[in-house]
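Take a look at these structures.
Look for subunit A in each of the two complexes below; its partner is subunit B in the first and subunit C in the second.
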Partner chain A sequence: MQPSLLTIRDLTVRIGTHEIVSIDELDLAPGRRLGLVGESGSGKTMTAMSIVGLQPREATVTGSIVFDGRELVGLTDRQFADVRGADMGVVFQDPLRALNPTMRVGKQIGEAVRLTGDLSRAEVKARVHDLMAQVQLPEPERLARRYPHQLSGGQRQRVLIAMAIASRPRLLVADEPTTALDVTVQKGILELIDEVSTENDMSVIFVSHSLGVVRKISDDVAVLYGGRLVEMGPGAAIVDRPRHRYTEALIEANPDHADPEQAEAVIGQPLTTIPGAVPALGNFPSGCRFRDRCPHHLDECADEPPVTRQSDQHRYACWNPATAAVGTGGGSGGERDGAAR
Partner chain B sequence: MAPLVDVGDLSFRYGTHQPWVLRSVSLSVPRGAAVGIVGESGSGKSTLIRVLCGLLTATAGAVTYAGRDIGDWLARHPRQFRRDNQLVFQSPASSLDPRMRVRRSVAEPVRALERRRVADDELASWLTLVGLDPSVLDRYPHQLSGGQLQRVAIARSLSVNPGVLYADEPTSALDVSVQAQVLNLLMDLRARLGLTLVMVSHDLAVVSRVCEQIVVMRGGAIVEAGPTAAVMHNPAAEYTRALVDAARAVSLAASRSAS
Partner chain C sequence: MIRLVVRKTAVLLASALAGSIVVFVLMRLLGGDVATVILGQGSTPEARDALRAELGLDRSWPEQYASWIGGLFRGDLGQSYAAGYDIFDEIVARLGLTLSLALISLAVSLLLGVIAGTYSALHSRDVRGGFVDVVAQLGIAIPPFWVGLLLISFVAVQLGWLPSGGYIPWSESVVGALRTLALPLVALSIALTGVFTRFVRSSMLDVLGEDYIRTAMAKGRTWRGAAIRHGVRNAAIPLVTVGTLQLGGLLAGTVVIESVFTLPGLGRMLMSAVTGREAIVVQSLAFVIILVILVLNFLLDIAYGLLDPRITDAEGAARA
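Entry: the complex of A and B
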């Protein structure tokens, strides 16, 4: 087995007395793409931000995050900045806020380039144009002179990606990079992240609330709920054969999970819902954090947090896991093969 | 049968020197239908429903509601028109007054449009209608979850017994698990109350689940309109095809058939 680029053990992130994230085990191999998916409050962003050392000041991170052989938990801001500068790129959800509004975008990309080493002005300029070409921004000469507000949302996100990959990092962390974008623009950005990570042999951690988006971009998908890793495995396996009841419910609640062939038949038909809402911080139930919203909960779900089990392709933490594929006809149930309902 | 809402060659801009936001839009909504308007940001979809429910005035073209011009409605029977045409916004957290208890927010349309006080029983019945416990009446918006707030907003618009419910991205601020609840509620209310539903969304999957008719907008104009199944399976316009492809690329159904 390939040595992992990132090894997380017993990671917890706390703010005050609240435990926002608690993850026992998460590994990322070099060149692999991992999707972190969950609803609001699942801890997906907090997990990603603690990996790159950009968690909020008031958050306390404990446990172990080993990146390329180096322990990251406990690094000073300065030390973390060096690790990030050399080996990690970060892309945020809202490029307009991540970019400096008063600086031409070429200059901003140039700053990211300059941080990577002692380069002459001409070298910086050449590298900026090279990066802009890599992220498929047209007419680099002209576009580099624009300010962020003069670019479209998709172009701004491409600028941010160019800055993130300027140091040829080994890990790219993207936090909801397409959520603020139109769906046709999103498609282009996903394809771009796919291309740049493949070309540069970069690992990717892609954070999103959308299982469909994560599935599209990632090799492996980790599903989070209430700060816990509930299920992890290859994207196709997670979507086709979820084991955790939360993953299963999340897929069924998605309006686009219906088979296109049956789309007409399900118009106006109710979707499968997950009762209740994600509890506020500190209000999660004992045992399995999903149990009071779970139609399949057993008595033991309340007693103890589920142990993580390994089945052929994925790991999941559920006392009463799903055994069969999720039906394809939303609401019809016709495709279901004997799953316990 | 004459359509309930009829739009002919509607154009709109915010001022004489401003760019056109809507360009020659024609559309008709039969009574009892569920029509979904999809498009990307800047396509004019939200502006369109704001004109239809009388919040903005058309610059050119005609909009009729129940056979009568909406300018005429607003001049002669403004309160009746506003009761008949209710709008639910995207973000309930900002569409409800944070300093008002739910009780007062929900009672407000009736007070303003029907000029009467509302009894607690009546308020409670509206909350029950949208699946909320009447105890919510004494809460402030910040004490409720996003899904609960959107239910409050829906209860509020239903309190005046509208003929058409316009919903502008009603679920895009919500988590997937809560989105399904709110979409089910809208479909259920439509069936139970015989509502006409006009829903704006950037999400084709949402619209194609809820609405039988889809209108695709781009750059202020309608590029395609028709029955949902036809638009989704057999898009005539190139732009619709791009939109359907992009949505399908990240849909869970597509990932399953691809794998």
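Entry: the complex of A and C
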């Protein structure tokens, strides 16, 4: 196995007395792409933000995050800022809100360039135009003088991507980069992230609520629920042969993970939903956090589920894992289905 | 931007016109006979009529209005019958002092308010932020005239560091002007600084929650660096509105402070004109004060456009 770029052990993120995230183990190899998937409130964004030190100021992070051989937990504000400036890039969810409304976009990209090292004005300008070309923004001279509100949503997200790759970072974190965009431009942005991360040989952490999107762009997928990592493995294995009952439910509720060729098979079929809703913070049940909503739960689920390693890469934490492939009716067999309610 | 300036200039001119009419009409409606005031109760009706004719008070309102405005433009408003000075020259001479007080205290309060408010917001979780907030509230609560009296009694009289009153014009001595204006400016600026500080603090706290602060951190800035680089300007935008609202109070405060420090400004001229029932002086002064507020308002509107590019664009879009 390759040495890790990112090694996470026993990471917890707390706000007040609430534990938002608790992840025992998560690794990312150089050049690999990891998808973080989960519903709203699953802690996926919080996990990603704590890796780059951008969690809310009231949150406390404990445990260990080793990035490129350096422990990040406990770094000062200044030290973490330097790590981000040199080796990390972040693309945010809402590009309009993520850009300063009163600063020209060229200047905002220039700021990212300047923070990567000592450059002259001319060098900064040249690099800004170069970055804008890389993210396929037309007429850099003219567009650089615009303010964020004068750009389209897709253009704004390209500006954010240009800023994120300004330092040619080793790690790019993309937090739902297409959620706030028109469907028509989503594909272009995904392709761009794919392209720039390949060209610059970056590892990517891609946060999304859509398994379909994540499978397209990621090598590995980590599924989160209630701030816990419930299943993790290669994308194809997770989507095609999920073991954790939550992953399984997520896939069944999400017909768009299917290939376009198979889409017709889904049309006309009733959509499956996951019963109930993600509980409010602090209201998760003991043991497996999904057991209240799980149609397959057992008595054991009240205890902390053990981590099963299916293979070197694929692991999950479930007392009553799925065995059958998705789409074959699921949820039958020796399980006590009826006991769910 | 040019559109904004043109539009705001039009608003300024229209408001000035409306203001002059309102002031003129109000003065007529107040009544009171100038001739009686000048000649005394015992004068003959004939003498009073003759004086009225001489002063032009027997003419119609539109005629009187036109001659007043004409006088303003020509720089000739006649003589004060009580004190004998040339009204227009006196206003011009005193305007410098009042404008100095108003503009300097506005600028100083804005600057201090932005600095203290930002500091307070960045330390909102510890005792330093709270301390600034308490001091700011105290500053708002203390009336300027009382601060003025305290300053006179301690700094001027007991310590003897600065003069307790009087004014040396800028043209004579810049240091002298600053020395004579220092205490009045402090008295005027304390409350205003308090208002601006509290406002910037809350505006900055809002801005600190904005996504673009996090974006700047992602580029490699510290939280504090991001807050200062990207926060201050955005937090200052709503301050322009608050500044505009404070203008009336600022001018009123100037009138009081001029009395406290015996400064020869428009405020004291207005007070004596009111007591002397000199209608034309009161009317002209009221209009000049309105003009000052309108011009300051205009400048703040322009500042708004400079600070927030979205405003300039919205102006353009509204016109298109």
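Throughout what follows, the second predicted complex is superposed on the first by the 305 of 341 C-alpha atoms of A that agree within 3 Å, B and C clash if a C-alpha of one lies under 4 Å from a C-alpha of the other, contacts with A are read in each partner's own complex, and residues count from 1 in each chain.
FYI, a contact is a pair of C-beta atoms (placed from the backbone, for glycine too) under 8 Å apart; a residue touches a chain by one contact, two chains touch by 3 or more.
Keep in mind that this is a model prediction, so the values were computed, not measured.
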Thinking of the overlay built on chain A, is A:Asp82 touched by subunit B (first), by subunit C (second), by both, or by neither?
second
Touch check for A:Arg289: first (subunit B), second (subunit C), both, or neither?
neither
Once chain A of both complexes is superposed, is A:Gly212 in touch with subunit B (first), subunit C (second), both, or neither?
first
Which partner chains sit in contact with A:Pro101 here, subunit B, subunit C, both or neither? Use first/second/both/neither.
second
Across subunit A, the partner (subunit B or subunit C) reaching more residues is B
By the touch definition at the top of the document, which applies to A:Leu250: first (subunit B), second (subunit C), both, or neither?
first
The intersection of the subunit A residues contacting subunit B with those contacting subunit C is none
Over in the complex, which subunit C residues touch subunit A? Could you list them?
210-212, 214-225, 229-230, 233-234, 237, 307-310, 313
Counting only contacts in the complex, subunit A reaches subunit B at residues 39-40, 153, 182-187, 190, 209-213, 215-216, 235-236, 239-240, 249-251, 253-260, 263-264, 266-274, 277-278, 293, 328, 330
Which residues of subunit B touch subunit A in their complex?
34, 40-41, 145-148, 175-181, 183-184, 187-188, 191, 202-206, 208-212, 228-229, 232-233, 242-243, 245-257, 259
So, in the complex, the side of subunit A touching subunit C is made of residues 52-54, 57, 77-78, 81-82, 84-86, 88-90, 92, 94, 97-103, 111-112, 115-116, 147, 149-150, 160, 163-164, 166-167
